[in-house]
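Chain naming follows the written order as A, B and C, and within any one chain the residues start at number 1.
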């Protein structure tokens, strides 16, 4: 990329002070449970300055007032979107797949007989990387994968990304975390920077359109054992998030698990699930006996 | 640092009020403790599960999961069964103390906590030197 | 092995979805899932406010309680607020907290009820009112919080308000914060809280 670097057109009239930054972080933490690390200071400040400028505010104080009091919370939502990076690629946050195979699936399997169904849902699945990653990871690393009928499905509100997911064609960048052996095993090279998931795997995964707050859509998902709902709930407004969480709860089997994104926590979202620890990772579980 | 110095005792503060959390941090850090924070019972449970602590200070009235419920969950986790817990409440009733102890707390203080009492009880429950 | 899902059970969108009588019966069903569904579906019907609140009083399952409150939030109105505010007197902390969170999502309707709560003799209720205001997206919260720290007689009510005040961060709030220390002398936390809040405000302006 050789375009000229962005100038300080996004610098507000007065630079954000240390206290203002701290005030912002405290607010963000209160509402999302997310604490920005030291490494992210530059990133956060830059995004914050951008939003202050774009919202037409004279200074941080005026901007913060909008964040705090705007009834629609529209600016808050925009800010949250901007603060979280949304790239998707294979084996993103794969420590959770280790938890799936090393902790969650063995626990579920103990309650099932050989041949029984185990279902895993990736929502939102976007262009499919997560669903395929789950499949690859468990075929490679779960010794008992052959003993159960494992259904993996992906859903998204956007039908275009689903079409991409079904097609299963990805570029080099998306595959960069995949070890070479897995690349040749599960992908067919179509050309320069173009790899397609092998047909057998593509056909094993069900991709469908679904809106997570629509009960008609959600009624199609029942008795799901594991949900990967990473980096989605944070983008909902409060009312929709309540709906979404209750829908997800409804879709789950008793004792089912839900995994959120790395920096997400149910602590600001819902108390319906119980935190469970596997290694250094927290996932959430629906009560084993439905209340 | 000379060898043989005891590592700092670690306290988890679970309280939804940010100023109150700051206060506990101030009092306890001055008393020589390392402090981590959580803003409600769910977050408190997560932090307690992921890191090791010598004691927890828990406000009983918090959103998402109140202090009593969090302590009950603590007592169901093998690693948290014996974690010393002080619950803090606005109530001076005996029955609230009873509730706290029934949930599994070790001690019960009414807020606003007296700093000296807090530091003293923290040292007592964590076995830190006086 | 991986198997492709075949049973996409299209749930029959119940023709009787709007059948309020059936839904009201289901609201008391022994099966939690049925109660949840009823609570959810009733959220489309203004007539359901009273029965939903009635069920809330006796419901013990957290997931059903959540569904009831989500529906009440959908139906938000002064009537809903009035009914929910009564639950703040409950002994059940989980229920109270869930209701507080629901009320925080009704900024347009909740202020009058908050004003009444702020005058209640029970300091805990005043604290809950402050808790709600600290989260409420309404500009008139500021003046009420200021009034609390200027006048409320109970230290914990004032301390709850300090958090909201520190966050709002108006310089004109510094004076009232300084008064707090004088109003509650010999209480270490008050001096600390006032100083911390003032520092936050000064630093960020």
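One rule holds in what follows: contacts are C-beta pairs under 8 Å (C-beta built on N, C-alpha and C of every residue); 3 or more make two chains touch, one makes a residue touch a chain.
No experiment lies behind these values; they were computed from the predicted model shown.
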Farthest chain from subunit A, comparing Cα centres? B
Which of B-C and A-B has more C-beta contact pairs: B-C
Distance between the CA centroids of subunit A and subunit C (whole Å) is 28
As a quick test, compute the distance in whole Å between the mean CA positions of subunit A and subunit B. 32
Whole-Å distance, C-alpha centre of subunit B to that of subunit C, is 25
Of all residues in subunit C, the ones touching two or more other chains: 94, 167
Interface hub residues of subunit A, defined as touching at least two other chains: 26, 270-271
At which residue positions does subunit B touch at least two other chains? 18, 64
In their complex, what parts of subunit B are in touch with subunit A? 18, 38-43, 45-46, 49-50, 64-65, 73
Under the touch definition given earlier, write down the residues of subunit C that touch subunit A in their complex. 1-5, 8-11, 13, 32-33, 36-37, 40, 60-64, 66-67, 70, 73-74, 94, 105, 107-108, 137-139, 141, 167-169, 200, 202-205
Counting only contacts in the complex, subunit C reaches subunit B at residues 93-94, 97, 100-101, 123-124, 127, 155-156, 159-160, 162-163, 166-167, 187-190, 192-193, 196-197
List the residues on subunit A that touch subunit C in their complex, please. 17-20, 22-23, 26-27, 60-61, 64, 68-71, 73, 117, 119, 135, 139, 145-146, 148-153, 201, 203-206, 208, 215-216, 219-220, 222, 238-239, 242-243, 246, 249-250, 270-272, 290-291
Could you please specify the touching residues of subunit B with respect to subunit C in the complex? 17-20, 22-23, 26, 60-64, 66, 68-69, 90, 111-115
